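Next come the structures, one after another.
Each of the next two complexes has chain A plus one more chain, namely chain B in the first and chain C in the second.
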Partner chain A sequence: MSSLSWGTAEPHLPILLVVVPLFGALLVTFLRRGILAWALTLAVTFVLPLIAISLLAKVLQTGQPIIYEIGNWPAPIGIVYKVDQLAAYVLCVISMIGAVIMPFARRSIAAEIQEPAQSWYYAMYLLCLTGLLGIVITGDAFNAFVFLEISSLATYVLIALGRHRRALLSAYQYLIMGTIGATLYIIGVGLLYVVTGTLNFDDIATRLGPAIADPGYRNAVLTALGFIFVGVSLKLALFPMHVWLPNAYAYAPSVATAFLAGTATKAAIYLFIRVIFSVFGIALAIDSLPIPLVLIILSIAAMFLASFSAVFEENAKRMLAYSSIAQVGYIMLGIALANEASLTGSLAHIANHAVMKTALFLALGAVFYRIGSVMYDDMAGIGRKMPLTMGAFAVAGIGLMGTPGTAGFISKWYLGIGAIDAGHYSIVFMIVASSLISVIYIGRITEVVWFRAPSESAKTAKEAPLSMLIPLWLLAGATVYLGFDTQATVDVSAKAAEVLLGGIR
Partner chain B sequence: MLMGLTDFSQDMSSGDLIIAALLIPATAALLIPLFHRSPNLREAVTLIAATSLAMVAWSLYPRIIAGAQPELKVWDVAPGLDLAFKVEPLGMLFGLIASTLWVVNSIYSIGYMRGNDEPRQTQFYVCFAVAIAATMSLAFSANLFTMFVAYELLTLSTYPLVTHKATPEAMKAGRVYLVLLIGTSMVLFLPAILLTWAAAGTLDFTPGGIIVAQGLEPLQTLGATDAISKAIPLSPLLIGGLLFLFVFGIGKAAVMPVHFWLPAAMVAPTPVSALLHAVAVVKAGVFSILKVVVYIFGIDTLSKTGAGDWLVYVAGFTVIMASIIALRQDNLKKRLAFSTVSQLSYVVLAAAILTPISAIGAAMHIAAHAVSKITLFFAAGSIYTAAHKTEISQLNGIGWKMPWTMTAFAIGALAMIGLPPTAGFLGKWFMLQGAVTTEQWFPVAVIVLSTVLNASYFLPILVRAFFLEAVPVSMHAAGAKNAKDTHDDDHGEAPFPIVLALTITASMSVLLFLFPDVVLDLAKLMVAGG
Partner chain C sequence: MTTSLIIPPALILICAGLTLPLFALVRLRWLVLLASPLAALWIVLTLPDGIHLNGSFLGQTLVLVKIDALARVFASVFAIMAFAGGLFALNQKSTLELSAAFVYAGSAIGVAMAGDLITMFIYWEIMAIGSTLVILSSGRRGQGAGLRYAAIHMLGGVLLMAGVAGEIAATGSVAFTAMDLSTIPRMLIFAGFLVNVGAPPLSAWLADAYPEASWSGMVFLSAFTTKTAVYVLLRGFPGTEILIPIGLFMVFYGIIFAILENDMRRILAYSIVNQVGFMVTGIGIGTEMALNGAAAHAFTHIIYKALLLMSAGSVLYMTGKRKCTDLGGLFRTMPLTCAFGIVGALAISSFPATSGFISKSMISDAAGSEHLVIVWFALAAASAGVFLHAGIKFPWFVFFQKDSGLRPPEPPWNMLASMALMAFFCIGLGLYPKPLYDMLPYPVDFVPYTGAHVVYQLQLLLFSGLAFFLMLGLLKRTMTITLDVDWLWRRPGHALASFLDRFGVYTWEWFADAVVRGATGVRKALYQHHGPKGLFGRTWPTGTMAFWTTVTLGAVVILSYL
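And now, the complex of A and B:
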């Protein structure tokens, strides 16, 4: 991919990654016809992964982060975009998920959203993508806040476009929680600015060391850490700050759910890692506040309690939403254990979970397209009518359980090694015990869709159209592929983990 | 016979043969759905695949006997996680059993599935082929990771076979099956693999084992690889704990108390019970435990540290307890299932005696139980197909109506009890020898007592079948409520493919007694350390 030639645009790739979808969103609002809006969005989203992959290839090749100064203003004054291994990797994940579901979106959106609002959907989709990519690429704490708000505002609209009336309430819930989270974050950033006089992540990091020696500043820094920790945790739906998520996922349009599940929490997790590791340095966090311990407890609570909620759900989208909360628990657990293996597992799981969960939600989107419901009772026996759709669902579901030979296993393996390396043998058993619960909730829906007598709506259902099956099976195939070829996930994650932990020592 | 089979493959390298053994059933699984509309072609695919797989396996056999241990590295997934295959004697034995019996079982399946007009037959044959592919991968796996992948694939591919009937009872059984097998493998087996990796730095099956005990010199001659020298020595207690995780994590071996899935799985169509739940799946379990004991821990390490001493008692308890439960079952397949639980733990017991001769007994017993138990299940399915009878209390006088079936059943039963002229005798004989020479009296007592128990739950069936008068339909015991009400007493033998299949396997049981060298040669190679 490094052979991809961008000509004179080459040095400007970091900014293009944000500007292209931003202007795309603007243009899309002028297009009244849904199909035109879709076509333009499709074109834009297909360019983004190419840029992201080029950036990743360059970073891996040189081993140095790419620094892009906006308007040629250097760091303390201007805003700087910084692409290191971790950022480039997460950019790839987000942009690829954003692209792969677009072919699926056309029919699904046409069925779920009225024609005049369709171009709004695509505009907001691109805006949301802009925000998520921006959060990851920026090296500036305040700029990150701006992108956080862009993505959040766009997300509110995406959710509210859902067909169900409760979509409005869910969007409102998300609005309130999201605003609280963003406010807490910006208060924390403000405190840091007072202490260090800069908003650039790297500069904050270097000035924080001397500043913290002053007992007066020390408390301010700890307060900032607390605010940012809670604020970002709200965004990434860390248990027990997850209550906005199930409804938001359940009532948003099918494609929006698939997109958000794969990307939105991942960008927030990225921000969390960036702030905790690169800015504060986990060493500081360990010394002053019991953040790792709190994180471990909350992650494990998420892994178990959210999984239990998933077992008893009757709505398939809500079931997967709870599963997402549990999976965020896995990722945060690896971050909390903070060694190379565990962090590798967490980072690999960002991609692995994105692939599997997007596949699962897309399959539900296809079911919703055919029968207009994702309630278990209506989905009974649908597997016999839509074998390819539900076959992909089964493959991704097996991946979610962490079965060897799938992407989920790879993440779990590294998390397990990380737990052993950290000396927490009991956590090894908690990881595997909680994935047993995922066997139960995946097993339950498998039983419903394959072995129950077909429901009224399932009787007349047909297999999903090809435009839906292709993205679906691409992701289902990736679930298995990433279980064997781990170059793209584990190798990059391991390098990123090394850099993150190196910053601390 | 062997010479003729090996001719065709003389040009193929052993690596090619391994690939063929894995790809043949996998390809069959892909081809079968294409012939969904023409059942005859569909079944032809299964039969051709089964026959060619058996030929491939038998052409590997002389090479293994000659001392070769062909390897095949497929893919490095991540450090420590290699997809790799290696045919060693024990794996060869398991591969031979599974592939040969797949041929017979396919013949039987056709008769059974058609005779009973079962629905979803395409799905049935696809899942069956995938299960066989998983079994072959497991048999030939070169490390714990590859074994684990195959192990889980085997569970997942047999789940749709257990729930085949899609009745509430089948669904419930499917739940038990999935949660118990996947559950134990995830919660115990996977941590065991993780801890092994953390302690030993490798997952490869290595003669002499890869676990190093504190205060014990690692076997320099056998396992002297780089990884061994870096391994962290474990205390006997930790080794015992690790063995515990493996034994109960490998739920397919059905060591009590993780045996519930096996009786539950009996709701599956009988060909599934016969090949998968009497041979492939359960043998995958005991085979995995044997491999772990021999190639991960090392017999020497275990016997010197005493870390595996408890296993004798757990296995012995299972042997006796399962037999006692079997006594009380009226449903024929359930009784056979508990008999399987009991017989499986013989193999674990033999492994736990930790002597070379008992390990030979374990290998012999794997083969003997395979051909004999499949015969018993074939007979049970034959009775169901011809007479729609499922309970033992309904079988009075059936021996005269179905002479072939019940004669085969009698041979299988003799093998279970361990009497000559059946192969079951040999396995028990070697196990006893191993236990007696090392003066381990508990296993001796277990084997003797269980022989009595086996006799007391198998002989009454034979007595009923041949010496009791048939009872009119209306007078059947209340325990027969599970049976179809439509069964009639006016029936003859089952369809020809069924009778053919069970005759073949019953003969195998006797032939294995007369010519045990096929198995013994492999077993001796295994004990000699490859």
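And now, the complex of A and C:
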């Protein structure tokens, strides 16, 4: 993996990971033709995974985090980028998802967005990618806020570009909610700054410990924790702060949905882990606070309530959106249980869920490209007309259920082991029971697309073009591959989990 | 521990199944269908005992291929079955069914050769997917049944997964060895196995789903799912006493419902439950002879049940009819199919000189030598019952009885050939059981052909045969159960049987009603809250979203202060 040679650029890879898409976005805005904008975006997004993989290889090799001081200003004064195992892993996930759907995007975007707006779409796409990568790579609390806002603002535009007239309303709702979330986060960071006088994550962590000894500061720190907890939870769509998500996913352009489902919540989850484990975890005894309990309850509520909503949905995109909320519940559950197995499961599920959900949304994007709808009634019998598309959908769907031999099984297995290690047998049953609900909602759409008589629009549908099928099957193949070869997901996750838990008090 | 490079036989069949759709040429497809099972069989038979392939998964060392005597018995009969089934199904138009059937057969071999719990579980789940696809591929009729089947096996898989995860967490070992029912994870594993074996209270899935498969699909289905479950019970829970009553229940459940049934393939489906009941009882008895008997009976049962279903499948293929009342008199134009069906029927009835005789008598003898009097009597009575429902009823109503006016020709050569192969095994093993006895896990000092055995079995069969024809009129007209059971159990049994029958029907209906009512109620309640208009399904106004965010924030902060 480390055979890639970057020459003199080697030490600057961390900043390149953010700067390349940022300037790419700027350049794209000057290109008025959709196809040119697409080509440039494609080139940019394909460079990013290479950088991310190089970083991961280096971190795994040395076992030490890569610290990049911007402008050579050292830590507490300047902004620092810090790439440890967890960050490198999440960077790989986000950049790879960002790249793999680009070949799919051209036709889909050309069909769903008018020509002059297409290059805006690609610009926003790169800007969003910049923000998400920035959240993960930065070691600075305020810088993370800036990137959070960059990605969020770009996301609002991406959603608003959707063809459906409810896209605007959905984007507006998400804008309000996203702003509330970001505000809560920055209030929390502000409180921490008052207490510690620094914005660097590592620095906050070391100074927080002594500060807490002062009872006056203790209350401020607890309040900061509450604000950051809720603010970030809103961005990652934790129940009951999830309601913005189904509409945002349902009415965004197909490619944007696939991209956001795979990456946006993942970056927020990363931020959550970073703050809770690497900042507060070191200074506070989190176990003595109600945070894990609250998180367990909300995660389990998400696993069940969102899954039930998915069962009754008639819009396939909304169904998958509800399923995403449930899957976020799994990830957060593993974080709340906070032992090595459960955290490994959660981290592995970040990648596994990204792969599976992106595949599912891409398949729906291909259907939308052919028949212009993802309502169940219109999709009836489409499996017979688009067997390759819906075949990939079925494979990824089986993965989502957590069937052995697929990626979904791996993460649920470690979550289950983690729950047993934590002594919560009841939680094992809940994980399994909510998987059964996913069997129902995936089973329901499978029945619609394969066994129902074809609808009017399905009768004339054709198989999706090759540029759509290749990314789709790449991801569907990865669903199966990651179910057997767990080196890339579980091994890295286990190391990251070990580091995270090692620092915790 | 030697680890040499070998191809897992399970993968040969699974790969053959997965690549089957690529072979557009019919002849090439035939070659794959016939050659891959033979290759698998050859590896199974030539591989020496021991561990042959390790792998690493989930941080555990897995034993992907391990073989011993017990595994070889099951793996080889599964491979034989895949070959015969493939030969029988050469004319099957649905590539999906053949692909699924081969993946299904391959994973069954995988279960038999799995050396640890995780490998076993993974193959187990692939098997569930494969078998579901076999049922689904039969078209419209199969859909409801296939989805119900999938739901039941998903439940079994979930129990098993929870059990396996718990067992590994508790013991730290993935080894698949004999267990007892001392811990919750082991009980869960046991329950997962029992779902597949067709144990009460979920016995009904089998007769519900299998007959909805196509004419060839059911031949595959009859062989693998229940018998892999028998295998894992043999390996994991030999001598678990609760299996004796479970097995006896299955034995009689199968007989009673088979006698009441009119659909020829459903009769045979019930008789699978019945026959597997014999094996489960044998596992419960748990002596070396009983375990040998259970393994041997699984081997012979797969072959003669396949033969019966092939002959029923041929009739279905040629006539399109499946009800006993629509069939009859087919011996005129399908004499070979009829003859093969009769061989299968004799074998399932344990007629001397057939394979059923040399295997089933081991189980009842084991019960006798353990002085389990009630079990012995129950098995004896059940043997007579088997002859009634499968041994005579099936061939009589399909091939003889009244003339239905149907004049179908014999099925194509390949179907006849695979029936001939199975019939050869039935009679060959009946006359010369040594090769099978040599394969069994424990040394066999059992002699099937003693005067007492033969005379006893013939008496049993003759009298039940006599009863069948004497009471044929009653049996045909009313289809009641009391008559047969009256003969079996005499007076006291009569009341009990009719009570059980009524009780069974009432409780089942009550249960089904309650389930349906409960499910509708739950669905309604869920829909109310989660449907598009429900609290969790609709889009909230932005203010409501913000409100709940505030509530969560307040809750977290206040709880932190407390």
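Methods note: the second predicted complex is superposed on the first by the 499 of 505 C-alpha atoms of A that agree within 3 Å, B and C clash if a C-alpha of one lies under 4 Å from a C-alpha of the other, contacts with A are read in each partner's own complex, and residues count from 1 in each chain.
Heads up, the rule we're going with is that a contact is a pair of C-beta atoms (placed from the backbone, for glycine too) under 8 Å apart; a residue touches a chain by one contact, two chains touch by 3 or more.
Given the structure is predicted, the values throughout are model-derived calculations rather than measurements.
Visitor: Between chain B (first) and chain C (second), which does A:Gln64 come into contact with in this model arrangement: first, second, both, or neither?
Guide: neither
Visitor: Is A:Ile410 touching the first partner chain B, the second partner chain C, both, or neither of them?
Guide: Touch partners of A:Ile410: chain B and chain C.
Visitor: Using the touch definition from the top, say if A:Thr206 reaches chain B (first), chain C (second), both or neither.
Guide: The answer is neither, since A:Thr206 touches no partner chain.
Visitor: Could you say whether A:Phe451 touches chain B, chain C, both of them, or neither, answering first, second, both or neither?
Guide: both
Visitor: Is there a shared patch on chain A that both chain B and chain C touch, and which residues make it up?
Guide: Touching chain B in the first complex and chain C in the second, residues 398, 403-405, 410, 413, 416-417, 420-421, 428-429, 432, 435-436, 439, 443, 447, 451, 484, 486, 490 of chain A appear in both lists.
Visitor: In the complex, go through chain C and note every residue touching chain A.
Guide: Contacts found on chain C: 57-59, 121-122, 125-126, 129, 143, 147, 150-151, 154-155, 158, 161-162, 165-166, 168-169, 184, 526-527, 529-532, 534, 536-537, 539-540, 542, 544-546, 548-549, 551-553, 555-557, 559-562.
Visitor: Taking the complex as given, what residues does chain B use to touch chain A?
Guide: So the residues of chain B touching chain A come out as 75, 77-78, 81, 83, 145, 148-149, 152-153, 156, 160, 163, 166, 170-171, 174-175, 178-179, 182-183, 186-187, 190-191, 194-195, 197-198.
Visitor: Looking at the complex, which residues from chain A come into contact with chain B?
Guide: So the residues of chain A in touch with chain B come to 398, 401-405, 410, 412-413, 416-417, 420-421, 428-429, 432-433, 435-436, 439-440, 443, 447, 450-451, 483-486, 490.
Visitor: Please give the residue numbers of chain A that touch chain C in the complex, ascending.
Guide: 172-173, 176-177, 180-181, 184, 219, 222-223, 225-227, 229-230, 233-234, 240-241, 243-244, 246-247, 289-291, 294, 298, 305-306, 308-309, 311-314, 398, 403-405, 410, 413-414, 416-417, 420-421, 425, 428-429, 432, 435-436, 439, 443, 447, 451, 484, 486, 490, 494
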